[in-house]
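Across the two complexes that follow, chain A remains constant while its partner is chain B and subsequently chain C.
For the complex of A and B:
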C-alpha cells in the first residue's frame, strides 16, 4: 500500500464512521486489475485502492444514489463529471462528498487475448489538462510527481470512422459506462419510435454513433471510460475530443470546469430572442 | 480417442495454402495487438501464435444480425436461406469449439431445429488448435472443455515438437484429412509421449483454479445468496458485453422493418441483462430489477442449461471476466457454489 492509498482509506473510514455518508464509491483490487467498489462499513474502507488501473469513471454510479449522502473517489475527469452532472440536475451538489485523487493518467485495461504486454498511459490521458478534480472536499496528493505528457493537436490517426464503427457490436458498453448517458431509453434501445434499427445494417450503426457524438459535444469530460470499455477498441474519445474542441472555440466552454459557467445549450438564445 | 495422426509444421502450411486456394478459410489474424477471425486471402496471414481471439467464432454460426424472411407485393413470401457457404474455420480454441456442441444440443433439438444455424453448422468445418498457454482468466478445465480437447470440433490439432498431432473427430474431419492424405502420417510413440506430457502439465497448471460441482450448481437458484448477488449487481452497468462476447449466449431478438417495398424480419443478438429483452409487450416484466436479471444470467448458464441439456452454459473461456467494465467475475460464483 502506498501513502496516497493509506490517506484515501483513512478519509473514507472516518466519513463512514462519523456517518457523514452512507457509502463511499471507490475501487478495490480484483486480482490483476481493479473494479468499482461500494464501501458501506468503516472496515470496508481498507479494501479501497488507488493506482493507474483505476480507469472507470465512478461518477457514472452517482445517479443511482440521487438524494442519498455518498462519497466518491474522483480523478480529475471524474470530478469534472460531478460538476457537469450537478449543472444538468442529475446529482445534488450538497449530497456528494468528493474525495479528489491527484491523477497522473491511467492505463487502458489489458483486454482478453492481447498480444502486447507493455502498459502505457492511455492516449486520452495524454490530452488531459485536469489532474485534480475542480471540486474537492478532500484532496489526496499523488505519491510520485510524474507529469502528464501533453500532445499538441490530434497527431496522426485514422479518421475512417465508418470502418471503425463497422467493428461495433452494439454491446452498449460505451453508453452504459458513461456518466452522461443517463437517458432512460437510449436511441438505440427505443422501440416507439424506432430511431435506430438495431438489426438492420451498418448504416444504423452510423446513426447511433453520430447521435451519441452530438449528445456528447460540449458535455464530454473525455474520461475515456467509453473507449476503455469498448471490446473492439473504437477510439471514441478522439471523436468527442474533436467535437469538444469545436465547442470550446465557439462558446469558450469547457465541460466540468466550474459550477458558475452555465452549459451553453441551456442558455442558448437565437438571434433577436432577447 | 480415435487414431492419432501427425502433420509437420511444413505440412500444415501446405495444407492451409491448399485450403485457401480451394475454399473459404477463416482463421485468427493479428491486428493492433489483438487476434480476430478473418477470411484469409493467403495462408501467411493466419497467426498460430495467439492465446485466444478477442471475440469467439460464434458469429459465423449465429450472426449478430440476419434476415429470416421477407414478404411484399410482387416479392411474395420468401424465407431467406442461411448462407450455406463451404468454409473451414481454422484455429478455434477447444473452449470455443465446445460452445458449439452446447449450442448444437440447444438449437438443433428436435422437433424444431434452427434451420439457419443448422445449415451453417453443416457447411463449416471446425478445426481446433489446442491451448498450450492458458491465460490467467481461463478456466476451461472446470467444464472439461479444454485446454487440449473440446467437444464441438471436426478436427483437433495439438502442437508438439516439430508439428501437430491430429485427431479427426467427425466425418467432416475425416473428409478433410482424406482429401490431403499425403500430408498426414500416423503418430508415433514419441509424439504420444509428448502429448501426454503436455496434457499432464496443463492439468497441473490449471488444476487448482476453480471447480464446478453439478449437484450444487443445479440448486443455485434455490440457494442464491441475496447479499452476494446484490453487491455484484450494484456494480453491473447493464451493457451487453458479457453476452455478446460469450461463445455460448444465444438469446435473440427480432425486428420487423420496411424497405424497398418489402417487409423484412431480422433476427439478432440480444441479452438477458437488458430490460428491453425481459419486458413483455403488455408491459409486464418478470425480471424487473437489475438483481433479478443479473441472477438469471448465472442461473441460466450454471443451473438451468445443465438441467435441461446436460452441459454447462459456460465453457470457461474467460472473455466476460476480462472484458467486463465493472469487473464482474463468474469465477466468484463458482468459488462460492461450485
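For the complex of A and C:
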C-alpha cells in the first residue's frame, strides 16, 4: 500500500464514520486487476485501492444513487463527468462528495490471454490534459510526481473506420460503461422500426456507431471507458475526440470544464444571416 | 448495367413546393432523386441521414427555408449546425463530406433546385458509389 492509497482510505473511513455519506464508490482489488467497489461501512474503506489499473469511470454509477449522499473516487475525467452530469440534471450537485485522485494516466486493460508483462498507458490518456478533477472536495496527490512512462510504440493509427466498425459485436459494452449513455429508452430503438436492433443481427453497425458518436458530441469527456471496455478494441474515444474538436472550434466549449458554461445545444442561437 | 447514384432529398414543407415548382416550370432533373417531404428541416434526425447512407443512398441532400425568411428562431440554423457536425463526422471516418449538402430554397425557386441537384449528382458520379454495405458483404 502506498501513501496515496492510505490517504484515500482515511478520507473514505472518516466520511463513513461521521455519516457524511452513505456510500463511497471506489475501486477494490480483484487479483490481477481492479473492479468497482461500493463501501457502505467504515471498515470496508480498507478495501479501497487506487492504481493505474483503475480505468473504469465511476461516474457511471452516480445516477443509480440519485437522491442519496454518496462519495466518489474520481480521476480527472470522472470529475469532468460529474460536472457534465450535474449540468444535464442527472446528479444533484449537493449530494455528491468528490474525492479527487491525481491521475497520471491509466493502463490499457490487459486482454484475456495476454501475458501482461509490457503494460502501457492508454492512447486517450496521452491526449488528456486534466490530471485532477475540476471539482474536488478532497484531493489525494499521487506518489510519483511525473507522469507514467509513455511508451506509445506507434504514432500512426488506422483510419479505416468503416472496416473497424465491422468488427463490432454490438455487445453494448461501450453503452453500458459510458456515464452519459443513461437514457432509459435508447434512441436507436425509439423509432419504429428500430434504427438498430440490439439482438437481431442485421449489421446496422454503421448507423449504430455514427448515432452514438453524434449523441456523444460535445458531451464526451474522453474518459476512454468505452474504448477500454470494447472487446474488439475499436478506438472510439478518437472518434468522439474529433467531434469534441468541432465543438471547441465552433463554440469554444470543452465538456466538463466548469459548471458555469451551458452546453451549446441548450443555448443555441442563430448566427449570421443567410 | 451502369451504376447510377441514388440521392435522397429531404425537403421541408415550404421548400417541397419549390421542388414541385421545378416540375411546373419544366426544369429537368435526373430521375434517380428520391424526395422525402418532412414538416420542417429541423425535424430531420441526423440518425436518419446516417441510416439513409447505410441503406444505400450515395448522397443526402437537404433543402430548407432561407434563415432570413423565417420569423423568429431559425430552424434552418439548427439543421445547418447538425449538418456541419455530421459532415465533420463523415470526414473523420473517411466518407467524403460532399455527399451531404444543405441548400436554402424558397417555394418559387424550382430552377435553383434542379440546377443544384444536377450538380450534386455530377459530383457523386465523380466520387463513385459509397461502399458501406459492400464492405459488410466482403467481411462476412
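Methods note: the second predicted complex is superposed on the first by the 244 of 274 C-alpha atoms of A that agree within 3 Å, B and C clash if a C-alpha of one lies under 4 Å from a C-alpha of the other, contacts with A are read in each partner's own complex, and residues count from 1 in each chain.
By our rule, a residue touches a chain if its C-beta (ideal position, glycine included) is under 8 Å from a C-beta of that chain, and two chains touch if they have at least 3 such contacts.
Everything quoted here is computed from the prediction, not taken from an experiment.
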item: Which of chain B and chain C A:38 touches, first, second, both or neither; value: first
item: Chain B versus chain C as contact partner of A:231, first or second or both or neither; value: first
item: Touching partner for A:173 - first (chain B), second (chain C), both, neither; value: first
item: Partner contacting more residues of chain A (chain B vs chain C); value: B
item: Partner chain in contact with A:60 - chain B first, chain C second, else both or neither; value: first
item: Contacts of A:263 with chain B and chain C, given as first, second, both or neither; value: neither
item: Touching partner for A:52 - first (chain B), second (chain C), both, neither; value: neither
item: Residues of chain A contacting chain B in one complex and chain C in the other; value: 191
item: Chain A-touching residues of chain C, taken from the complex the two chains share; value: 46-48, 50-51, 53-54, 66-68, 73-74, 76-78, 81, 84-86, 88-89, 92-95, 104, 131-132, 135-136, 139
item: Chain A residues within the chain B interface of the complex; value: 30-38, 56, 60, 64, 111-116, 169-173, 175-177, 189, 191, 194, 197-201, 225, 228-229, 231-233
item: Touching residues (chain side chain B, partner chain A) in the complex; value: 30, 32-35, 50-55, 64-65, 135-137, 231, 234-235, 237-241, 244-245, 253-255, 257, 259, 266-268, 274, 276, 318-319, 322-323, 325-329
item: Interface residues, chain A side, partner chain C - complex; value: 159-163, 165-166, 187-188, 191, 195, 203-207, 210-211, 213-214, 217, 239, 242-243, 246, 250, 268, 270-271, 273-274
